[in-house]
Amino acid sequence: MFFASDNSGPVPAQVLAALAEANQGYAMGYGADALMDEVRQRIRDLFEAPEAVVHLVTSGTAANVLALSSICQPFQTIFCSSVAHIHEDECNAPEFYTGGAKLTLVPGDDIITPEALIATIEGEGNRGVHGPARGPVSLTNVTEMGNLYSVGQIAALAKIAKGYGLPVHLDGARFANAVVALGCTPAEMTWKAGVDVVSFGGTKNGLMGVEAVIFFNPDHAASFEHRRKRGGHLLSKHRYLSAQMAAYLRDDLWRDLAARANANMARVAGALRTNNQVRFLNEPRANMLFVEWPRAWHQRALGGGAMYHLWGGTLEGEADAPLTCRLVADWSMTDQAIDQFTQLVLP
Amino acid sequence: MFFASDNSGPVPAQVLAALAEANQGYAMGYGADALMDEVRQRIRDLFEAPEAVVHLVTSGTAANVLALSSICQPFQTIFCSSVAHIHEDECNAPEFYTGGAKLTLVPGDDIITPEALIATIEGEGNRGVHGPARGPVSLTNVTEMGNLYSVGQIAALAKIAKGYGLPVHLDGARFANAVVALGCTPAEMTWKAGVDVVSFGGTKNGLMGVEAVIFFNPDHAASFEHRRKRGGHLLSKHRYLSAQMAAYLRDDLWRDLAARANANMARVAGALRTNNQVRFLNEPRANMLFVEWPRAWHQRALGGGAMYHLWGGTLEGEADAPLTCRLVADWSMTDQAIDQFTQLVLP
Amino acid sequence: MFFASDNSGPVPAQVLAALAEANQGYAMGYGADALMDEVRQRIRDLFEAPEAVVHLVTSGTAANVLALSSICQPFQTIFCSSVAHIHEDECNAPEFYTGGAKLTLVPGDDIITPEALIATIEGEGNRGVHGPARGPVSLTNVTEMGNLYSVGQIAALAKIAKGYGLPVHLDGARFANAVVALGCTPAEMTWKAGVDVVSFGGTKNGLMGVEAVIFFNPDHAASFEHRRKRGGHLLSKHRYLSAQMAAYLRDDLWRDLAARANANMARVAGALRTNNQVRFLNEPRANMLFVEWPRAWHQRALGGGAMYHLWGGTLEGEADAPLTCRLVADWSMTDQAIDQFTQLVLP
Amino acid sequence: MFFASDNSGPVPAQVLAALAEANQGYAMGYGADALMDEVRQRIRDLFEAPEAVVHLVTSGTAANVLALSSICQPFQTIFCSSVAHIHEDECNAPEFYTGGAKLTLVPGDDIITPEALIATIEGEGNRGVHGPARGPVSLTNVTEMGNLYSVGQIAALAKIAKGYGLPVHLDGARFANAVVALGCTPAEMTWKAGVDVVSFGGTKNGLMGVEAVIFFNPDHAASFEHRRKRGGHLLSKHRYLSAQMAAYLRDDLWRDLAARANANMARVAGALRTNNQVRFLNEPRANMLFVEWPRAWHQRALGGGAMYHLWGGTLEGEADAPLTCRLVADWSMTDQAIDQFTQLVLP
């Protein structure tokens, strides 16, 4: 009954098997391993992007900030949602890696609207050298609040960015969950919609700690390898990253894992919907649900062994008062555990 | 009829005279000049702070960011108003000098309220290492919108900061205008109210480009001199900064200049108040006024040679539609020029 | 016949087994996993340092620069050997993570002598704020040139550093190889000799990409966790790092692996010593050998499938002319492969 | 008898007069003043470079590091002399402003030779992403040790740099002294010889603290204004910098001042040459002399009121033992003071 995060579950057997298989003899280090050639080719094929530049790192933060610093000057500002992971959960890593760029938060709760983006871009970069210059626009799909941008929404925002000459980054920590939920192709959600560089997440979807950074415009990638090395993110025994990512890409494993995570969340949501004291704060099309129910239920659920995060409140308070929580499903959950959880929650 | 900024006027004769007087023979460089000893002593006396550490730099941005970087870690966030100069007008200098710290904007239009500060501090620094750690609180007096914190308001905000163990910085680009308007002492507006380090501005009040950074807690100043040097802000011929600041401090010149600037703005405001189509957006107790009147008046005034900044709009539009502008008075204005201006504006 | 690096071989079965064992159910992320508790305790026991602060990262560069930035100000300089990994092979990562500190190279080929260290420290930090302030001393054992500092040599250098109030860092990418070669305890080579923080390497000695940073003085570690996070080096699925390091520490695996690597190099060296055209540039007490032989031999060896790095020259040139190479042995080599190699090299 | 530095003397009357003249009414800030238009045009004319981009700052360190950071990536290394001001006397400012670039010291005492430059460039940037990438070459004329590169020498070094695709910076803190000593034009010593950007010093040659950065390739200047602002080096009352630089450029004042400084040093040297116990370490063609004489003479001179820096030793020691000192002449010295000094020194 672990719904605290999708980065707490195990990896699938294919990943362990791939590590064991890769563990033979000697391999060139630092990304020159043969498995990385496979990874690169599979990603280019998957994204229908034969020129894409592909690199691996071990954390989503590293992927995001190495991508962003490749396309952002230190005197620029990055436009992002006020709840973006790069703003809230990376401990100033974007500021650090860009050499001091600012993050400008687009007003709104989660999904960035075209109107808000335009107003925010207009509001920055118009003070000459006094304020920061305009820099990249960074989107996240699945969003931090469990919502989805449609392909059309991404394209509309990217078009606005391009109108100002600004590059577009996509934080795809839950890229697979989004693609599965939207029923689109990876290309449609990225370069065909105007995305220049994407953090293609593996960790939240079944890998031990592997993320790909994919540049659709090779010019943007010119400094990436030096930046990765000076960030301490170039692994000598790189084959163990490649092996995991290769396994992830083979036989659509990445898609199957995400489909399972999304389905697991749908099962949770389905059960919760049966009770009208449960209020949904987002439509859980992917694997995240923000949901509200009485505090007493939380006390029962958490006391009974369920694990998840409360959002904006604590267990102390009136038993009847509603309290929000965040539920995240990963690929590995069993129907039994899900049902056990929802039965524990509901009265 | 120049109301665009208080950094566009001339310096008083005393400052030129002090430069000429300092221009004799040889002087030790890099702040070891005898005039700097005078400056240090005068500031300690003025602020009733015999242990204060005092340094000079040539710009308000330099003063602010060297002060802040002395008391802020790169993984922290600085709390400031959403219109703070350090956020809006320093082109990421705080991010740069701190090595990548973030600025967290306290919601509100200008003046930070205790409630908003508490809520903002509570909202940051509670995510362990995922978000930034809490860092300094930075206030500005006179504010960017021409308002004044009372001594009591500063003390209340500083007390909140101290309750969280956070140091307090005061951006005093218009320090003199504030002290004169409040009728308080420099000590009352700073260390007695809980301020740890202040940017004591001279440039907007009659110097060519000299600001003092004053640390009331010498421990906070430990790294300042190295930081100033590596920022390129240690001037070899430092005596020319010292001479200006010494002149500024002698015979209460700093106070007289600010009193004149404030009085000049009062004269502007007095004339404008006679017309009820003029709407005041702030109470101009210091030397700044945000004021609204019909667009046609702006066309007449700006066309007639007045210089000031429009705020949030352009000259294009309906003649009757109100449009805001910012007026700033400096010490050097004549009554004649002021009256000429208000007569030009008013119908 | 792979002697190019000790980061190119496989990991031992215990490491794969530990990953599989750790891959059960859910685990708290970001270092809060139970396996990390085991790692911390084992390292404290191993180093006889019950207060030590222990953290894991995925690369030696990350370990070094996060350790150094925890004990170095941006306006300081780090003293290190002119061939130190932090200078030659980390692409400015120390400068980046420290926010712009300098590296001051102690003259000499590899091993830092007390005389050279004193002279270098004296030569820096004596120009007031004009030059950088003195910062940490960073040593490496096994050195980049395959040599060893004795415990006494480390203690002598650390004593000098401490005499200037400077902290001491040890780059232990090959920590295990050094301890085995010296026949000392981990405590003797570190805190008992005056080392404040050590990068305790696992990657070159059989892990996939896991290094521990160990602070013997908890005060030095105060900012480490924030720095790791903002560097993108805090892994969510941290248990997979913990599991590897735990396996490494159990049953003296770390020591056995290093002993095998050192013995493998001794076997190489023993065979090579039989031919007097082979000139040894270092005494290969650990697992690295710099050695010179005729260019024609290199052509034969490299042509025959051996892999290693030439040092300071290329294959082109006179067949008789001597040319240096670097040989590194890892734990996984077989006697057969070693003998095949030396037979291929020698005429 | 002040020979400690050329940044300790007064400014000429023309500079004070220019400040007074500029101190009339209102002027646009931040470099938009009319005097800056004059400065820009005069510099373009002087350097025969109608497209040059020209900006002013207040310190030589600021000029150097803003110039360098405009043409250097954070993962690159800057090639400079081991005694370069950017290495020895700027407290890590280059590392700071570039975001962490390294400085690679070209072996040798002062003047960089073509052979040493080639060897040093070859030695860096050949380790792929492991070491830093090659960045700008920075030269200094007059050098830190009082020597001069000929125009031909600069051209030879710049040609080497260009062969590797590297830009060339010239630290011209004593630009005027060099041009006068060499008898060349500013264009010949800069862009005609392959220099891309120059720090054109005014401070050491009679201004209060004004340096120009001149980019001959406008593309290199693209980020300069944002970098200057975020460094805190954009002065609001910019006219007071412009006024000084304009005065400096009018009527060849800059050249006259340098000619006087050089002549003053020649007078010192001429007197000292009469005694064969005086050993010259450099040929003082500009305004600096490194010279050795018995320690007893230093005791007499310094005790008698002369001011200069000892170099590599202290007053304590055998009276007969030779000890080096650095003498620097500025424009303002009188023949009388010079003769008084040399008579005091010589027995």
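When the chains are written out, they are named A, B, C and D in that same order, and each has its own residue count from 1.
Everything that follows uses one rule, which is that a contact is a pair of C-beta atoms (placed from the backbone, for glycine too) under 8 Å apart; a residue touches a chain by one contact, two chains touch by 3 or more.
Everything numeric in this text was worked out from a predicted model, so none of it was measured.
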Pair sharing more residue contacts (C-beta pairs) when B-C is set against C-D: C-D
Greatest separation from chain A - chain, by CA centre: D
Approximate Å spacing (C-alpha centroids) for the pair chain C, chain D: 42
Distance between chain centroids, defined by C-alpha means - chain B, chain C (Å): 51
Junction residues of chain A - those touching two or more other chains: 74-75, 90-92, 96, 99-100, 129-130, 132, 226, 229-230, 234
Touching residues on chain C, where the partner in the complex is chain A: 2, 5, 7-11, 16, 19-20, 23-29, 57-62, 65-66, 90-93, 96-97, 203-204, 208-209, 226, 229-237, 240, 307
Contact set on chain D toward chain A in their complex: 30, 73-75, 99-100, 129-130, 132-133, 223, 225-230, 234
Complex interface listing, chain A residues touching chain B: 74-77, 88-92, 95-96, 99-103, 127, 129-132
